[in-house]
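The same chain A turns up in both complexes below, where it pairs with chain B and then with chain C.
Up next, the complex of A and B:
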């Protein structure tokens, strides 16, 4: 029998590729942000001071985190009930729902963003309907507003919530729900005392993905939000590809990394807390 | 009690319906809009026609879009192949192993899913520039490999977890070498997971914005970036036609993958 190769070595190619093309570039962000001038010759923290000393920056950071949080709330509000319906449905309906979840996920983000321009625009679906019903006298402004952007991001990011959620729900033991009902619990009580605690890991994982994706969704933010709504990705893009101030762009990118990391950690902490409370 | 159950059905049912419509509605609206007769994008469209598809498929007037689409497909094929091979090897290495190092490595491999890839896009641009490379499709593909590898790794690892170790042991005890066992036992069992992962990696690369945004240049234009350009300032109705084609392609691929490897089941992992 030939000697068995050490299987852990098979992780080396991917590990080395990640080290060379992922880890080193990310570390480079830290290095470049530590240069004072745009030509990247003199080390110094001038750019960081300029960036974090500006009250506008803090407003942008706050708005970015807020956008992520609002999108998480909106996706959970309509996504969780959809997952519940999928859980209680027969195999045929389940397949339809899964298909409807995966199709948008595989449809380019740019296509989904474009769809929302058609829906939210001055002559879009919503304004057309509202005018026709006589609810409003003139077209509403929906593009370039925060709530318009949150509505669009709800659809754009919802598959990211639903996939981990449905994955965890499909592994739940249905007899627990039946037992809860048989013991006289109402459907609300079964939801909050049985289904929700059991599905929490999937819900938390989904919320993290939605938060991370919504805060970083540059094209959706830029096209639907317009120039008036400024989020961190727009700053990174402007500083790196328009102004060519790479140190400042790096500082903004690191700030985005930290903000997303902070938000994701906060979601995980809330998940742990509510788990302890529910059980 | 009955009333409360009724309120449950009403609230959950209504919200779920909203969720369902919000998910699928935009896709349908884009499809219908792409057949508009009018000169601008609006819904409902002013009559039906194929004019924007005709313009889109015109080799002269839409040559830039064709160039970008071909670039995107080329990069996606390369990124898919590399990512699938690397992820399959890594999933074999990490399968059924525990310990802090394995967990750390797994988190590292999965991190592109949760870290803001826009920051990585900028990092990759600076990295390649400092190394003296000029913008090219190869560099974009390298960046895409990082981003789509977790997608391939997830489905392949899920298949590896279902592989019965007893099969490997009986193969070895019957005298089969490691590679023979891998080829004749492991690979056939995890093949559907690999194929599903490769498909997700392909689509992930095709749709990628954050990396292409920074690495695409005038000679390496990518489709999502070109479409973004078409949506800026003057809305080019050909965006709707491109979207229509993309949705149709994804739909067909999805149906094929569903038949071949049960995609919907596998995406749940």
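Up next, the complex of A and C:
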């Protein structure tokens, strides 16, 4: 049905805001990346050639996408069981879990990230515990490593996975799982043939959000990963704010946009295929 | 319950009233005020505590601060293209040179500063005024490590395995790396020897971090030695962190933090009043005291014993750098640093 004029008019403010604050800057980004010199005077594709012709750039793109993928996997491995616990719990426990999930969103990302320095540091909580238990003879290096960064991002991005997931799960009809059990399916079979397929839309939406957020999380990447781990947001920051090469920074920003776009599209495609398989 | 209903006219009137209120709000703050870019953290806190009340008291001018790092200030004014978001810059030497090259400053009229005579020579030029000095050297934890003598010790055991490094993104990082390179035959424009030497010990280096996170990394014991400035050392000591400042045997590095009038500023009178308040003896004395730990530039200020110099003139002997030579090379160095240190 064609929407009545009044309906599209309601969407107009948001549409205009998107055009002004997303499309116009995006176009500017594309235009600026088409200049050959830092002072933005001579058109040319020199910066693109320099950026994409460097094998280091491709390593950084790969590492950025890999970081997003690892964070998605870790977040799902920790978050999905938590969502199942929430699904089976009473309303009181559900409220507590929801509060704990939302809690990270209530503090600034800078505070959360610096808290992870205290947790992952050489004299941090994890190393203290491991040394005290005698599990390791010397402190482990957790900061400025990829696994340390993935651990921190898993906690930081967890609400983005759980909120859409819990929202979809809460709308699932519990009688479907009861019916599955009554028909003799084991708990695992019910999980994989009923719960998981029904929760897939929430899971896919959450994974997309986590991927997009983790790959672009400049503060967390730089503060926890340091300079040893180089990702696209760091290159953008260096080129735009330290050396003022805006054409190169624009090329890097567009590359990040395309990389995140590919990642998100891939997650959506996996989601569609899995749903088809499950059904 | 009755539902609230709005006519189109009411909605439009409401929107117009909101926009009008915003416009009035903008013009209200313009009189008797100056908007200054300010480094976030210690600088902003210290200026809020001392400069804001002093400026209000002396000139009845309100100081509004926009917290921005030096590089962000340059980027913001450049992006604003003629509609400056603030009236005054506060900058380190590298971004200062960029600002001059890109014509972001008004010409500076030093005669408008009554306190000009209290500054040592060379603190004012045609582009701005020096408001603080920074001295860069080595900060180390005396409880964990022996005292290092100079820059080369950073790359030797036992120091290297406890070393925390930053790259070329900051002024103190850049000058420290240049000084390390100089010890191995490099120069202000040739840091190649640094890359050769760091490659040999890279796997041992304890942390290569974001500049803003270095104090936290030191505090958490992630590293026990780093190149840094006296202000950071004093601030950490104020938090009971075991850290001591060492002047390297080849000399500590000094650089000045300067303030500039943003091109197109409409508040010229108030900007000069603000600058003059900043360099006045009472404000400089307050800024030198803990927990601010600034190095003053006013001769009338009695230097605290915690500072690495007995008089401001001593700073003439410190190592200085020419940022007009460094700036064009910096992009290449940053790129190289990324490639050399990334895993």
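To be clear about the criterion, the second predicted complex is superposed on the first by the 271 of 279 C-alpha atoms of A that agree within 3 Å, B and C clash if a C-alpha of one lies under 4 Å from a C-alpha of the other, contacts with A are read in each partner's own complex, and residues count from 1 in each chain.
We adopt the following convention: a contact is a pair of C-beta atoms (placed from the backbone, for glycine too) under 8 Å apart; a residue touches a chain by one contact, two chains touch by 3 or more.
None of the values given here were measured: they were computed from a predicted structure.
Superposition note: with chain A as the common reference, chain B and chain C are in steric clash.
Once chain A of one complex is fitted onto chain A of the other, the partner contacts of A:166 are limited to chain B, with no touch recorded for chain C. By the touch criterion stated above, A:77 is placed in contact with chain B alone, chain C being left untouched. Once chain A of one complex is fitted onto chain A of the other, the partner contacts of A:111 are limited to chain B, with no touch recorded for chain C.
One of chain B and chain C touches more residues of chain A, and that partner is B. Within the superposed three-chain model, A:56 lies in touch with chain C and out of touch with chain B [touch as defined at top]. By the touch criterion defined above, A:154 reaches chain B but does not reach chain C.
Look at A:223: by the touch rule set out above, it reaches both chain B and chain C.
By the touch criterion defined above, A:124 lies against chain B and chain C together after alignment on the C-alpha atoms of chain A.
The single stretch of chain C with clashing C-alpha atoms against chain B, selected from 21-29, 75-83, 111-119 or 147-155, is 75-83. Taken together, the two complexes place residues 114, 117-118, 121, 123-124, 223, 240-241 of chain A in contact with chain B and also with chain C.
Interface residues of chain C, counted against chain A in their complex, comprise 69, 71-72, 74-75, 78, 98, 165-169, 206-210, 212-213, 216-217, 220-222, 330-331, 334, 337-339, 341-343. Put simply, chain B touches chain A in their complex at residues 1, 4-5, 7-9, 11-16, 18-20, 22-27, 29-30, 33, 40-44, 85-87, 89-90, 92-94, 97, 105, 108-109, 112-120, 122-127, 130, 142-143, 145-146, 149, 153, 172, 175, 177-179, 203, 206-207, 209-210, 213-214, 224, 227-228, 231-232, 235, 239-240, 242-243, 246-247, 250-251, 253-254, 263-264, 267-269. Those residues of chain A that touch chain C in the shared complex are 56, 59-60, 114, 117-118, 121-124, 143-144, 146, 222-223, 226-230, 234-235, 238-245. Chain A meets chain B in the complex at residues 1-2, 4-5, 7-11, 13-15, 17-18, 21-22, 24-26, 28-29, 32, 77-82, 84-85, 95, 97-104, 106-119, 121, 123-125, 128, 151, 154-155, 158-159, 163-164, 166-167, 170, 186-188, 191, 208-209, 212, 215-216, 218-219, 223, 233, 236-237, 240-241, 246, 249-250, 253-254, 256-257, 260, 264.
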